[in-house]
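We call the chains A, B, C, D, E and F, going by the order they appear; numbering starts again at 1 in every chain.
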Amino acid sequence: MFYHSSKLQYEVRVEKPNPLFAKMLQQAIGGVEGEIRVAMQYFFQAMGARGPVKYRDLLIATATEELSHIEFLGHAVALNLEKAPTSMQEEAAKDPVVNAILGGMNPRHILSSGLSAMPVNSNGVPFDMSHIYATGNIGADMLANATAEAGGRVLAERLYNMTDDPGMKDMLSFLIARDTMHQQQWLAVIEELGGLEAALPIPNSVPESHEATKHSYVFLNTSLDKPAPEGRWTSGPSLDGKAKFSQA
Amino acid sequence: MFYHSSKLQYEVRVEKPNPLFAKMLQQAIGGVEGEIRVAMQYFFQAMGARGPVKYRDLLIATATEELSHIEFLGHAVALNLEKAPTSMQEEAAKDPVVNAILGGMNPRHILSSGLSAMPVNSNGVPFDMSHIYATGNIGADMLANATAEAGGRVLAERLYNMTDDPGMKDMLSFLIARDTMHQQQWLAVIEELGGLEAALPIPNSVPESHEATKHSYVFLNTSLDKPAPEGRWTSGPSLDGKAKFSQA
Amino acid sequence: MFYHSSKLQYEVRVEKPNPLFAKMLQQAIGGVEGEIRVAMQYFFQAMGARGPVKYRDLLIATATEELSHIEFLGHAVALNLEKAPTSMQEEAAKDPVVNAILGGMNPRHILSSGLSAMPVNSNGVPFDMSHIYATGNIGADMLANATAEAGGRVLAERLYNMTDDPGMKDMLSFLIARDTMHQQQWLAVIEELGGLEAALPIPNSVPESHEATKHSYVFLNTSLDKPAPEGRWTSGPSLDGKAKFSQA
Amino acid sequence: MFYHSSKLQYEVRVEKPNPLFAKMLQQAIGGVEGEIRVAMQYFFQAMGARGPVKYRDLLIATATEELSHIEFLGHAVALNLEKAPTSMQEEAAKDPVVNAILGGMNPRHILSSGLSAMPVNSNGVPFDMSHIYATGNIGADMLANATAEAGGRVLAERLYNMTDDPGMKDMLSFLIARDTMHQQQWLAVIEELGGLEAALPIPNSVPESHEATKHSYVFLNTSLDKPAPEGRWTSGPSLDGKAKFSQA
Amino acid sequence: MFYHSSKLQYEVRVEKPNPLFAKMLQQAIGGVEGEIRVAMQYFFQAMGARGPVKYRDLLIATATEELSHIEFLGHAVALNLEKAPTSMQEEAAKDPVVNAILGGMNPRHILSSGLSAMPVNSNGVPFDMSHIYATGNIGADMLANATAEAGGRVLAERLYNMTDDPGMKDMLSFLIARDTMHQQQWLAVIEELGGLEAALPIPNSVPESHEATKHSYVFLNTSLDKPAPEGRWTSGPSLDGKAKFSQA
Amino acid sequence: MFYHSSKLQYEVRVEKPNPLFAKMLQQAIGGVEGEIRVAMQYFFQAMGARGPVKYRDLLIATATEELSHIEFLGHAVALNLEKAPTSMQEEAAKDPVVNAILGGMNPRHILSSGLSAMPVNSNGVPFDMSHIYATGNIGADMLANATAEAGGRVLAERLYNMTDDPGMKDMLSFLIARDTMHQQQWLAVIEELGGLEAALPIPNSVPESHEATKHSYVFLNTSLDKPAPEGRWTSGPSLDGKAKFSQA
């Protein structure tokens, strides 16, 4: 069961409200790299977790934290929309800056939400729940989670570079830090279960008779005019320690 | 900020697991009448609430409760999927009951989620966040919330009639009760603000000069072969007390 | 069966075509607050109406009117797109105003529709029919309809404030007026059926044995650090007249 | 402006209600081959039509007819849902036929719509308006319309073969006939404008300097192991009469 | 089976990178008029082709070419994004041109893709595969393909007019040419099979007993105030040569 | 540029066609775990790859292989649909097996595709391209790819268990093997670049000044009633070797 405290997990301040940055911040709320996605992904994984209870606890604890990230980002969007122009009447006809803002901001921040955050990305496309990856296989799910946090941290850094508002930079530095931790905690689960060598191939419970193993460690080059790109994947031991890589 | 307790808001039991009912319960999680929708709708309305703080508190308190509804419904789905057939091999060829279950259940409950709940409706269509209605106008939002709870209670009653599992009926009787309360609390906000007469038309802040009022209280009949359907909307005082209904 | 007359329901004029306003007007056509939504919602409700024929007549009459709203809004979009720039060649390189228009308008108004209206919202996201709410329960459906019209009128007023074109203001004043009437007519159905007290809880046909009534009138506070927000929903008679509100 | 008459365009009867056929009929309402699509496609094309007024009239006249097709198909779905099982309680446990129906029908016909039609396809996926093709180019649009009617007639014939209900066969024979006419009327517009030879390539207004014409009539074979498939497209005069086909 | 060569089908150059044109070019990749659509449509039609093998070969050959179109368009988008501003810090505050670019470009080209192409349209809406039309009926499919290429060529010409970059004009002149050929090759299949007269009505295999033929060649006027628009579709022989057009 | 050979990458045979298994196989084509997803994801990553050319070559080579997986899976679906019932007429009324098949199979395999594969998942939901993850950061992208292949292999194993058709088991054993290789090749890229320790946190180019590092290695417990779940993520060195894990 969930509870709420009136304190934000991270206090947000905005010195120079910027409706264009509000539009961009939406990517961190309703984008595939955003907080709704991770909150719901960890929540559904937790509900489906059937193994040791500590992994379920880990998932639900972090799902809960991500809900709090949605919350302070929502405040950040609203603060960036303060004083946004809501009219193209006098001023816009004259002022190219206002014109550019009205053209560049998300019109639904004016028309639909009344200057508040929405569960959409920076193009205004609503988040859809097909992005909640939860297979019931812990290896697959932990990789999916690390992926989500990698995408999230890439995004947070790009948003950091986009703004020069000190309040926004401060908030983003917190999100960057939490994404660091979250990446690591999901990969730490894999390490605790024996590391990648033991986890691979995912799922590691497939009977050998189900797999045409002669195709399992062979890089297939489909290029007509270039040799196979050589690397760690074309020779040497496979990452699961069961075979040697080759190429065809 | 959100917190979590390991106790479910409502303890769920299932006596006769039924994968077909699991599919149907998904409507209450990921359908437009479901719990993800209300949780997120109240959450985004709370983030955008700019009026008296008590309405923001009311919204976030109930958003938090709805997250707990998702949680126990997720358990209910998983319990209904226990012992679901995961193979069409021997048994299905022979047993028409297994056959019918495999045809009738959501195949992604086997293939994608590993016998767990998903953020989809009873057709397997993922929930999408365009259904989060949050305008920033309290009258519009309270009506939207009462509507969501009305749809939710209609659904819960239909699910109640669908099953004869005592555990499921018990759980649904709780959801029906909470939907009763939630319908009323949102309409109570309107009542507290002066009732429908004061709230209408929504938004009640439109200057009279913005409205072609001669068209505001006239029922328009577009039928070629029937007279206007007569009722409360064709004569008598308008619901906002400002005019009399008429018809054209 | 439907018929068409070549006269628009409301004559539309635009004095200063504005491609950016064309983009914004799309919200009133293909947004969740828009006319496609209400036209189709009332149409599908009418097809499913099984009670007194006058409600079916009311629904189909208004569905038909909403089709006419789509039609004149479509003309308004096209008129606002007249003389829109269709090239970034010479002029745009030089003129910041043209540049801002090209950046701010919906590029698909040039690329995809040839300067005409599209069934999309102001972000260019196509309308999807999951927003057609039609449950077969008249109380739920009338609330959904009043909600849709509330959202529509909020939007129309915001669009009114956005423009200073007299023709557009005139057209929007008509839409604001019709939304006033439509809000009231749907709520008038509830009043005619006995008012909210009789309608609640929706659906009002749930047998008492299906509901865990001890939870039906209790406000649940999930806040860890704030008392329950007090209001009409925490004490006094419930809106259905069956109990008293309390809090837990 | 639109009007409505209470008479259905085609009277619908169902002798043996069949919830599974109700699910399938939904494809003809909310599928990409369905009636919502053509109604809205012709409507938006009409609103964007800038050429001779008769084509606009043709478009809006047929858009209006298609609305009437939605209407009687909606009745057909509701009639097929009469007496559908709404419970898995006693009977379903015992009766494999009821079981199969409950597994095979669309659960949202019970749970969401109360035994009425919905704007979804036979998989329960809501129609989305990205399928409204309206480019503003009459050649492209007429081809799109003929395509839509071709898909519609293929579907209607498959539905005809699926059922042995005389009422349903009768209704479908009408839809098949109207699709015949609609295919022809859109192609007749092209013929009236000079036929395919004059229309091609669409758009036929591209200045020759915009086209790398040496690539315009050459079939490009990308197969590594098969010669180009020979046919009308590899030799002989091009369909626009401007060149000869060749292959590379 | 597919193979790849490292040479682009068409070499792309961009003289003046333009992030706004990058956004517009996305329509040609991920729009309904774009290359993903035709590649996948021809691919799925080929997989379902059951008639003479040459049509399957034709489909798969062109599907393969369209994959190469996606590829060079992807390069064109990336080249247009070179030197795009990735910050609103110093410069944007001062420079209205940078401001307009940042407001007008797709923010996800910075935030999500790292200045690369995405499978989205010019509004940032991801392509969805419901647009892959493949009925298994060759007449319907060939019309659908000609329609797709007509839409594609309309788009390519509009993009051509939008830019003055010689490299982009050059690339688009190639796409315009290929669309010319593709339109013709699909219609040539119909001609080879006997032409439209033999193909119509599609599907041409419907038994006469399935069709209410008295409605098959009659234009239905649903206008209340205008006579039927007269043209090739109201009199004279039907396009399938089986009857005469009339009107009702 | 792409080319095609008429040989399937893997020859497919089906001994006992099964329309229900055809529906399930669709998950491997058009599901988020399916082949369209990986083909397009690697393709778009390749187009955006700006680092050493060998990674671009690796990506495009495997994208091309995945296109071939779509192709033979498409054949597998068609083969499973051979002899599927296309009528509910005589037989279905009598035969419960046919009845169950008609209820359980995807109706659009009959109605829309003419017994062929479609770009949809096992619920009939079309694939949408928002699932193409391509950030331009190689660490994030390689994790996303390993995740996709993990999900794919989980799915293939579940499909393997679902069927007892030897031909289908044989085909799936090939897919399982290729997913093994693909998982490893993407993780091998990370290993080649220094392994997870060097790669983390992703992106590993964030300046330290952008990160609130005191929050970067701390597990945050949001549970009200349980201690933090202890594991590799609560103590010991962080996976990037830069700090020690702790908890708050």
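Here are a few things to note about the model shown:
In this section, contacts are C-beta pairs under 8 Å (C-beta built on N, C-alpha and C of every residue); 3 or more make two chains touch, one makes a residue touch a chain.
Source: prediction; values computed, not measured.
Between the contact lists of subunit E and subunit F, the overlap consists of A, D. Relative to the C-alpha centre of subunit D, the farthest chain centre belongs to A. Counted by residue number, the contact pairs of E-F are over half the same as those of C-D, the matching pair from D-E, B-D or C-D. Relative to subunit F, the chain whose mean Cα position lies farthest away is C.
Subunit B and subunit C have centres, each the mean of its CA atoms, that are 18 Å apart.
Each chain gets a centre from the mean of its Cα atoms; for subunit A and subunit B, those two points are 27 Å apart.
Mean C-alpha position of subunit A lies 32 Å from that of subunit C.
Shared interface positions of subunit B, i.e. residues touching 2 or more other chains, are given as 2-7, 32-33, 57, 60-61, 64-65, 68, 96, 100, 103-104, 112, 114, 120, 123-126, 128, 130, 135, 137, 154, 222-224, 226. Taken as a graph of touching chains, this assembly has some other topology, since it is neither a line, a ring, a star nor fully connected. Checking each pair of chains for touch leaves A-B, A-C, A-E, A-F, B-C, B-D, B-F, C-D, C-E, D-E, D-F, E-F.
Interface residues of subunit B facing subunit F in the complex, by the touch rule stated above, are 2-7, 86-90, 93, 96, 99-100, 102-104, 106-108, 110-112, 114, 120, 123-126.
Residues 1-9, 30, 36, 40, 43-44, 47-48, 57, 60-61, 63-65, 67-68, 70-71, 74-75, 78, 112-120, 126-130, 132, 134-137 of subunit E touch subunit F in their complex. Residue ranges on subunit A touching subunit F, taken from their complex, read 3, 32-33, 53-55, 57-58, 60-62, 64-65, 68, 125, 128, 130-131, 133, 135-137, 139-140, 143-144, 146-147, 149-151, 153-154, 157, 160, 169-170, 172-174, 176-181, 183-185, 187-189, 191-192, 196, 200-203, 205-206, 210-224, 226, 228-233, 238-240, 245. Interface residues of subunit A, counted against subunit E in their complex, comprise 18, 20-21, 23-24, 27, 31-33, 96-97, 100-101, 103-105, 121-125, 154-155, 158-159, 161-164, 222-226.
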